[in-house]
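Across the two complexes that follow, subunit A remains constant while its partner is subunit B and subsequently subunit C.
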Partner chain A sequence: MGKKNIPYYIFLVPAFVLIGIFTYVFTGLTGYFSLLDWRSLGQPGEFIGLQNYYEFINNPIAMKALVNTVILSSLFIILTTVVGLCLAILLDIGSKAAGLFRTIFLLPLSFSFVISATMWVWMFAPNQGTINSLLRLLNLDFLTQPWITSTQQSLLCVLIVYIWQFSGFATLIYYAGIRGIPQEQLESALIDGATTLQKYVHVIIPQLKGETIGVVTILLFYALRVFDLVYLLTGGGPSLSSEVLATYMYRVTFNQNLFAYGASIGFIIFLLAIGVMVPFLYLTSGRWRR
Partner chain B sequence: MNQLISRREALSTTAKVALAIGIGAAIGAAGIGTGVYYATLRPPTKPEEKKLVVYHWWTAGGEREALDAVYALYRKYNPGYEIIDNPAAGGGGAVMRAAVKAMLLAGQPPDTCQVTYGPGMVHSWYVYHEPIDDLFKDFPVPETLKQWAKVGDHYWLMPLNIHRDNNLWYNISLVKKIGIDVPIKSVNEFFEACEKAKKAGYIPLAFGTVGGQRFWLNYIFECFVMTAPHGGGDYLNNFNLGKAKPASDPAVREALENMKILWQNYVNPDYGALTWDEAGKMLMRNEAVFNIMGDWQKGHFMASGWKPDVDFGWQTFPGTEGLSMVHGDSFGIIKDAPHPTAARKWVELLKTVEAQEAFCIIKGASPPRIDVPLDRFDPMQRRIAESIRKDKIVIGGHGEVEAWMDKGGEIFERFVTTYDVDATIDEIDKAYREIFPKPLI
Partner chain C sequence: MKNLGRLFYYVATLLATIFYLLPMYTIINVSIKDAEDLVYGPVIPARSIFLGAYLEAWRQISQPFYNSVFMTLPATVISTFLGSLSGLTFYRLKFKGSNLLFFLLILGFYIPPQAILIPLVRFISAIGLYGTIGGLILTHVSYGMPITTLLFKNYYESIPKEVLEAAEIDSGSILSIYRHVILPLSLPGFAVVSIFQFTNIWNDFLFGLVLSRGPSSQPVTVAIANLKGTTLAAWNVQMAGALIGAIPVLLFYLFATKLVIRGLMAGAVKG
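The block that comes next holds the complex of A and B.
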């Protein structure tokens, strides 16, 4: 740090102060509250150490929410990335109507979660819902499902909606990446006799590493804090089959007034995010442009 | 040459540093100045702004208009006052409660907010309110209801309306077509009626719990607790005050057994995808015969064009004659409210016959005051209001302790998929002991 850089650091101070207070200080406060006995509206109670974390580990609902969060996040990231890549390739192959389809694929991302959730609840409703009604219309009654009313299918329904909402974003990033590959390389591959499949597998996809890291990073940010769609679609039910950590935290904090326990869940989500994001960013940093 | 450039650089850097320090100092001075002004120089007697900041969750058809009628009265009697209206719909008030709790914890309270009126909720929320003891003098409401506002030696919240929760709504044309005699007098008769409806090809009971509204299942449990051989109104009151022993009380098992019969045989299987009003629509579409819900279902039916005593009928939940399980809605003066005078005027208004009548007629609720004339209410609402005035009042529905409402809903939602009575009793007992380390009263 030379003297020359001092002004730049001075100008960074406001940003550091604001981020420091509104991100790190409050995260620290949440960590502190998670060590208290705070079980009603009103002032925090006494210091109880790690008791709330012990309760979390020994609570089967909390463990179910943790497992559901891991399953939902993992499948969401993997499937959204794959679907996004496939759609981008399809757009690239049939590029005449690419503009129209790109808009169609990207449209769900512009919907608010509330609108998406309401729409999908209507679609998933077993009796009057669009999906089952369409299946019945096509005489495919045997394919109708209980969807969000089933303890076996509710998490799957949430996953479908998340993929639907975010795959357009992945598509856009991948499509931009594909279009950015120099035309000479693709022409060389064709001259060498590569088929379309070979062109994508051996030339295009290996060059989309940066895009993949970008897509996965952003999806990770969303995945670890899934709340909106789960809360609005199923409320974590039925029978807690789709409960995730964020909905569980909201419920125990604001419906059951267990503020300290809620803070401990929030802190666990924070630690999970750190545990996933830091190694990921460390491993991928510097390789972005290689 | 190099030295010259270094000097220039040095001068330039010094100028930048000086500028940055200057800007920083100016901002700091402005901040400190503002802080000092607000902390010390601001006159403590600054006149209170004529504003009332209200938080509530009344946004649906009927309830919005009902609140507007009370707002109109407030403006009429308090000219110059501006109402800052903050509706937060959803979750039977859970969304608003979460928002206001965050504000309270952050030390940024509104002037007044909707609080469900029942001992459970009042015990949760009174800590953030100012006592309003003087307003409870000469306040003609049933004594039980009056006591719900009291924690310790003080009264904290002013009830504006009362809802009856143990209701059975039915489709009149279907009941006649199937040959079901109403009113139904007992749980056994109710199950027989459900069986008839099922055999006739209809869904006996329409219900909805989508979007986390699993707390409606508490209503069903409570209806069955009231009708249980070892249950009843007094038992349910004790249960909701934290005085029960769920692990050994036979009423809990009896209620769960009946709930199991109902759910296994007579409820629409897609209840998890419907809201309470969508479940009501199943009656309107002649798909279902019965619905159990608070009396706001009547408001919903009427807003959708269905006529009381013509298209739909009402009776108390079978076997609960003489018992009115109720909760209400109330407002108080929040501690450190920015506009306490405006809040006080608001609560004073809610106490009046005029406000309670104006609100309840439109909302389809009953007035807590027993001197509100009922002649302007429709005949069905009049019967409901009269039942509340003469029946034994029972704590239930949204009047429960907030934590139990959520936890109970969670447990009952699991129960109606597993039907494991023993495991559910264990779960109830464990949760109950955590939520009620000691009785509320």
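The block that comes next holds the complex of A and C.
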């Protein structure tokens, strides 16, 4: 086998050179940069150990960004999964038009974050925005909200857009899962006198474990890199109320040229991602299918 | 009880549909309004179809739009092709450390861009590709490798190993097997992976933001973001620009829905 397989090994070379350099070497470099004194354009300065990390821990903005990241990422995963499952059940109940509605729910996924953000900035605009205008037209003025202009609501607004963008993906996976359940099982449940609600709660949902793992696996990818919608919708504001680690890292690195401090934030984001993904991949490997 | 359930079903479906479509209604409605009509806000339907905003938006983003085309097409083709090779190796061979390598590949997929951003910008500058489309192509190909490899490996699982083994005995050369056996059998796989990659690369914002400089290398996403934040009077231009930028991927979603869905499911159903 040995010699014959050499071309197969050659096939791996581009992937491993590129992933090796662009992912692993660069991550290592970020870790190295984070130990330096490097606060302006130009070459990195001397080694200062963990000082950038002390600065991070003692900086209230950094802590706020960390907390916001954890809140946004975890609520994004939980709520997107739940909304996606509910929509899949709606599709399953009214299966006549399921194809049309599935496409409608999936459309937001086709938009880049820039386009979703453009839409939603004007959905949320307090005076001219769609939501408040609609509420006023319906004489529901008391329901109007300041949305992204409020420190209380900015993070919630970002969360809503993330859910809007990705729940159709969860719906797609769950709907395929529900449709894949053998018809006999559902019929025997109905013969036993189960209501529609009981059918879903007791027969269908327990069988969707594989789908849930699949959905969460993909959502984690996006949850660990929340940046774009925050940057584009609120820029982390107002008054840093929606700042997450990634927007904070971008700001200190590319606007303030604090490269080493930015690298330490980048490395903390890396450690968080590894801390979540290594156990997750370990626990779920080999269990992708029911 | 039965009627109550039915009512709940209709109300829930209606609300969900409004939630999904309202932003899209907003963007289309505003993009076809002229300056006078904009005063009536985003909800009241446009009185007539005005295309001036599209012309103005196109004037501002046409160059970035072409940049995106010249960035996305080569990056998609290269990363799909390379993924089809490395995916084949992972499908065909079990060697010492292959599980570890595969794990590192999957893990690499999850490492957020912030962890590599500073060395990336320095590296791309050092090799003279900062502010060029070439730099963006190289970056997108590199970060596309894990997912294209994974998608192809999963796709190949549907080809029986015996087919490959028989071909290996028959012809011997792996390159000719790739061309005459793997390639014809995996054309749908190529379609699925290319559409998946096209979507990711076309829609990327962050790499374009940090690696491009000015209109000569800026991808369309970055140009649309810059249309933002001008005056209120120009929000029809923003909306029109955003819609123009959405069109290529939207076409895939509307007219190649099945292939898009296969790509999305392939990533989730089996990791």
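Quick note on the criterion: the second predicted complex is superposed on the first by the 273 of 290 C-alpha atoms of A that agree within 3 Å, B and C clash if a C-alpha of one lies under 4 Å from a C-alpha of the other, contacts with A are read in each partner's own complex, and residues count from 1 in each chain.
The rule we apply is simple: a contact is a pair of C-beta atoms (placed from the backbone, for glycine too) under 8 Å apart; a residue touches a chain by one contact, two chains touch by 3 or more.
Remember, it's a predicted structure, so these values are computed and weren't measured experimentally.
> For the three-chain model obtained by superposing on subunit A, do subunit B and subunit C clash or fit?
Subunit B/subunit C on subunit A - steric clash.
> Under the stated touch criterion, which partner chain does A:273 make contact with: subunit B (first), subunit C (second), both, or neither?
A:273 contacts subunit C only, not subunit B.
> In the overlay, answer first, second, both or neither for which of subunit B and subunit C A:147 touches.
First partner only, subunit B.
> When the two structures are laid over each other on chain A, which of subunit B and subunit C touches more residues of subunit A?
Comparing touch counts on subunit A for subunit B and subunit C gives C.
> So, A:129: does it touch subunit B (first), subunit C (second), both, or neither?
both
> Just to be sure I read the superposition right, which of the two partners does A:22 touch: subunit B = first, subunit C = second, or both, or neither?
In the superposition, A:22 touches subunit C alone.
> Would you check which partner chain A:198 touches, where first means subunit B only, second means subunit C only, and both and neither mean what they say?
After superposing on A, A:198 lies clear of both subunit B and subunit C.
> Using the touch definition from the top, say if A:284 reaches subunit B (first), subunit C (second), both or neither.
Second partner only, subunit C.
> Could you say whether A:87 touches subunit B, subunit C, both of them, or neither, answering first, second, both or neither?
second
> Touching A:254 in the superposition: subunit B (first), subunit C (second), both, neither?
Both partners.
> Looking at the overlay, does A:74 come into contact with subunit B only (first), subunit C only (second), both, or neither?
The answer is neither, since A:74 touches no partner chain.
> Going by the contact definition given at the top, which residues of subunit A touch subunit B in one complex and subunit C in the other?
4, 7, 11, 121, 129, 232, 250, 253-254, 259
> Under the touch definition given earlier, write down the residues of subunit B that touch subunit A in their complex.
9, 13, 16-17, 20-21, 24, 94, 97-98, 101, 104-105, 124-125, 127-128, 209-214, 268-274, 402-403, 405-407, 410, 413-414, 416-418, 435
> Hey, which residues of subunit A end up touching subunit C in the complex?
That would be residues 4-5, 7-9, 11-12, 14-16, 18-19, 21-27, 29-30, 33, 86-87, 90, 93-94, 101, 103-123, 128-131, 133-134, 137, 164, 168-169, 172-173, 176, 196-197, 210-211, 214-215, 217-218, 220-221, 224-225, 227-228, 232, 245-246, 249-250, 253-254, 259, 262-263, 265-267, 269-270, 273-274, 277-278, 281, 284-285, 288-289 of subunit A.
> Tell me, which parts of subunit A touch subunit B in their complex?
3-4, 6-7, 10-11, 13, 40-42, 61, 121, 124-127, 129, 146-149, 151, 231-240, 247, 250-251, 253-259
> With touch defined as at the start, can you tell me which subunit C residues reach subunit A in the complex?
Against subunit A, subunit C makes touches at 5, 9, 12-13, 16-17, 19-24, 26-27, 30, 41-44, 82-83, 85-86, 88-90, 92-93, 95, 101, 103-120, 123, 139, 141-143, 145-146, 149, 168, 172-175, 199, 202-206, 210, 221-222, 224-225, 228, 232, 235, 238-239, 242-243, 245-246, 249-250, 252-254, 257, 260-261, 264-265, 267-271.
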